[in-house]
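Heads up, there are several structures right after this.
The following pair of complexes shares a single chain, subunit A, combined with subunit B in the former and subunit C in the latter.
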Partner chain A sequence: MKNKYLLGVFGDEEHLLDAFEDLKANSYKIEEVYSPYPIHEILTGMGHKTRMTHAAFALGVVAVLGLLGFMYYAAVISWPLIYGGKPFNAFPSFIVVTLVATILIVTLGTLFFFSARAKIFPGKKAEIIHEGATDDKFVIVFNASDIKDNKDELYRLLKRHGVEDIVEK
Partner chain B sequence: MYNTEFRGKLIEGNKSLGQISQDIVRPIDAKTPRWWFISMGISLVMLGLGLYAKYITVTEGIGSWGLNNSVGWGWAIINFVWWIGIGHAGTAFSIFLLILRQKWRTSINRAAEAMTVVAVMCAGLFPLLHMGRVWNFFFVLPYPNTRGPLWVNFNSPLFWDFVAITAYLLISASFWYFGMVPDFATIRDTTKSKIKKAVYGFFAFGWTGSSKEWLRYEALAFILGGIAAVLVVSVHSIVSTDFAVSVVPGWHTTIFPPYFVVGAIFSGFAMVLTLVTMIRKLYKMNDFITDSHVDAVTRVLIFVSLIMGTAYFTEVFIAWYSASEYEYYMFFKNRVFGEYAFQFWAMVICNAFIPQLFWWKKIRSNITAVFIISLFINLGMWFERFNIVVTTLAKDFLPAAWAGYSPSYIEILLFIGTLGLFGAGVLMFFRYIPMIAIHEVKSVAKYDKPSHERKHRNHEE
Partner chain C sequence: MNLDVKYVFPSKLKMLCIALMVVGVITFVAGFLINPDKTWANYLLNNFYFVSLSIGALFFLLIQYIANAGWSAVFKRVPHAMGAYLPIAAVFFILLYFGMHSIYHWTHEGIAETDKIIAWKLPYLNIPFMMIRIVMFFALWILLSRYLKKLTLKEDLQGGTGFFEKSVYYSRVTIFVLALTFPFFVVDMIMSIDVHWFSTLFALKNFIAAFFHGSAIIALIVILLNKVGYFPMLNNSHLHDFSRYMFMLCIVWGYFWFAQFMLIWYGNIPEETAYFVHRWESDWKTLFFVDLFINWFLPFIILMPRKTSRSKPVLIPMIIILIIGQYIDLYLQIMPGTVHENSFGWLEIGTFAGYTGLFAFMVLNALSKMNLYPKNHPYIEESIHHHF
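Right, the complex of A and B next:
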């Protein structure tokens, strides 16, 4: 069977980052980087962007309007009831529930966005590319078709930066 | 960047990344120790007593408690506020230190968050049972119903409290859980047991550690951290409004929200300290929870204790300065020198004076002393809740309505039951969940290397 991926396995962050920067400088196409903890340079260097913060903010705005609207409906339109002489629309005291419930909605919504975008959800079977990547190894993955022309050069580059192991799978 | 020379090492023992995973996962793979079974047995017995008390409460009603017309809130509300306060620190600890980028949080936050979730569950039981007809609990949810539709009162602090506690429980539980997902993946990929691989693999939600996952994971942590910090402050402020929006002397004060939030952080940090000193002792985690971690928490406690002392003093001072005879009576003739002087002074001594011992380095570095002082703080905070709830209700404006209060054995058993629930929950956490956030500790391990080894990685994150 033809190999699909080539894995450069590193033992620490320093070597990984040196190699990563060199690879970027030589414009190699990197499929993905796996690491036991988030590394800022990799996250920015891979060029992915997340719009989760925007989504969370948008959800917050919707939640605030929705909650205030709902309380107005319940307390003024649906069944107006006088509590201790307060007006039906006792707005300032609606803020408390609005604040807390908004936080709850944004949290649950953000978890949902995260689950959907990072594809992390209950019952998912992990596609483990290298078992050490959640323990103590840092793995750079190349797509075999991207690097077939200059494979030897890539091997040399990875070895120069102290790669521990190169796996083709 | 983190300066090791100045702040001390975060992790002792020059561990490699692999060793960090091994050391933290070891208690999960090891044989369950005997003390675990013994403590679990005790906790379950306590839990059973609590269940008995719940049975009596539900079948006979809250007439089985020691409450009366004047003192309508007794141990149930004391314990509710006490547990919520303890439950506060987990998230406070984790999130405030996350926002302030305090790297030393990584060894302790998992235990603090676990404690939060269990403590909030314990707290939630009391208002539920206090409703009397607990099976009608869902009436408190605002949903279109066939009773009118009759909606809940959105102006009531008791409803605010319900929303706040529910939100807090769900949010702290999810914050805790998603913090563990990468660690479950670590166990999945390192364990040799097939059962563990399957079980932890399921809970790991398919985590692999790719840069796409980490990018969103970081975003998630900061969004949740940012908004949950607001929640931490608001939840206990709301708990305090249960009291502060009333017009009874001793409750009707503007100092209550900050006073409650600080008190919550105080009791929670004390409980965190109790737990981490136990983890250190029982599981030999000294390399992760180092002396400097304990030192840092005790320093926070000195500071918070001073705020507590100031709050107590302010309350008493204002009672005199306001020239309101009812306030004056409540504080001077009821609390400070009156019938409830014991509870008042127990509170002041445990919360404002005893923690001052932490000024001495000798005491800060003596783990037994730290453990004992942390228990005193927990006790003191319980007395504070007693002081607030009972002393005010027992003697209000109408002397003819004055009444004493002592708990019935059912109320005491209910409290013991929650202690059992807390104990059992914490023991389950010790046994089955990585007690320290593995991936977070790994991410700070590099700061302990001598600077010549980390050539160009002097960034913050």
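Right, the complex of A and C next:
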């Protein structure tokens, strides 16, 4: 296929939102929306729900169990030492370390999960769909195969809502 | 939206509050005849409990003003009304003078001659200075909370942003005053029960507990009023913000609780550990862990998901559990040093019921005397349409 994407480039949020609502009402499939700042209506309107919080919670549980388990192993099973008259399993004093290390593990873990999910890694070349999307433009992206049947209608709709530029690439 | 609404205090609820008060009075009379020492301990517990709610609500209010918070503007009359309990509490705390001998070991005649530690603390811990402090603290709290209330009531009549700016300024003053007075109040009233023991985190932990449970009570009052038709603007986002306060404060509470416990446990100095050893003996052991479970673990787990923190059917039982939580927390701090045995019974239930009636009566009565919404508040529109 020659053209993979169709881009509607808007100059401001108001026009973008009008077009966005209209597109949704006419059940067009929108691939992605790029904007210079997060827009609440777009975030909810795209219907993507993040599962990052679940990942973070799961990481937290694993981290807590792992850390406490390791400290129990080290202090009770592998090398039991009495220090300061404490029991081998000096549980309250493990909590501080657990807390701090859990925060670190959850932070790094979510960063890793996010990168894996978004397929980004150090040294990756950025895929810029439109120069304006990195600047002050609002870009709606359509998959060319989704809209090839009613392209003319889509053009009219976008123009009605004051689209600045339509790019096929 | 019509903002000229007044809360009507239903006469049935009024009768219920008065009935609860009567129960409380009867329990107190019976208690003073049968076991005056234990009754005084309950008197202190309940007094402190409801003052902590008022102070916590006041602190909540101050934070809203200082942070220029928009979402809460429409609910601000609730914490304002909760300050109406303070004058009565002041009278009760002055009457505590007659019960000091039962509660505070250090007030006993001639104890300083045999007890070196108490002798050292005598310049601060003596009855006249303690009474002066009580009067001074309550005078400051009542004056400042009344002045803040007066400003917002004037705003209703005259409008403009001047009153709001003045409120912000006086909130800053009040937050300093609270920070300097409430910790001493906690030390006087609760920590001095175990007069040989001390903890530098104690006052702060109780301050957080007051803020925590005060915020929970504000949320409960707002939700219940919403159920009977007031606060029609209460939406999921407001609920979420209320439960964020509870969630955040349960973590801070747990943090302070643990920091105080861990340092003493780890330090293992006999004069410090005595306090926890006493609470770890068989009589109190269950409550000791239930306290941590209810005040930290339950809200932490239940209020974490977005769905539950926006749902009234979850929040109402959660707050009721927290009400019990604050009681257990104070029970564990007061009773081991005064009653010396865990004997929860009719006296505790009756007195708590009486105070609940009194507190509900004072708050709802104060609420019914002013416009339910601060209609000229600069953030009122933002608050009504709050959404995230």
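The working rule: the second predicted complex is superposed on the first by the 167 of 169 C-alpha atoms of A that agree within 3 Å, B and C clash if a C-alpha of one lies under 4 Å from a C-alpha of the other, contacts with A are read in each partner's own complex, and residues count from 1 in each chain.
Operating definition for what follows: contacts are C-beta pairs under 8 Å (C-beta built on N, C-alpha and C of every residue); 3 or more make two chains touch, one makes a residue touch a chain.
Quick caveat, the model's predicted, so the values are computed rather than measured.
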Which of subunit B and subunit C A:125 touches, first, second, both or neither: first
Subunit B versus subunit C as contact partner of A:85, first or second or both or neither: second
Partner chain(s) touched by A:108 [first = subunit B, second = subunit C, both, neither]: first
Which superposed partner A:77 touches (first subunit B, second subunit C, both, neither): neither
Which of subunit B and subunit C A:93 touches, first, second, both or neither: both
Subunit B versus subunit C as contact partner of A:58, first or second or both or neither: neither
Touching partner for A:48 - first (subunit B), second (subunit C), both, neither: first
Contact breadth on subunit A, by residue count: subunit C or subunit B: B
On subunit A, the residue positions that both subunit B and subunit C contact, one per complex: 40, 84, 86, 93, 96
Subunit A partner contacts - residues on subunit C that touch it in the complex: 258, 261-262, 265-266, 268, 304, 388
Contact set on subunit A toward subunit C in their complex: 40, 57, 84-86, 92-93, 95-96
For the subunit A and subunit B complex, residues of the former touching the latter: 12-14, 17, 32-43, 46, 48, 50, 52-53, 56, 70-71, 74-75, 78-79, 81, 83-84, 86, 90, 93-94, 96-97, 99-101, 103-104, 106-108, 110-111, 114-115, 117-129, 131-136
Subunit B - residues contacting subunit A, complex: 16-18, 20-21, 142, 148-151, 153-156, 159-160, 163-164, 166-167, 170-171, 174-175, 178, 181-182, 185-186, 188-190, 201-202, 204-220, 222-224, 227-228, 230-231, 234-235, 238, 241, 439-440, 442-443, 446, 453-457, 459, 461
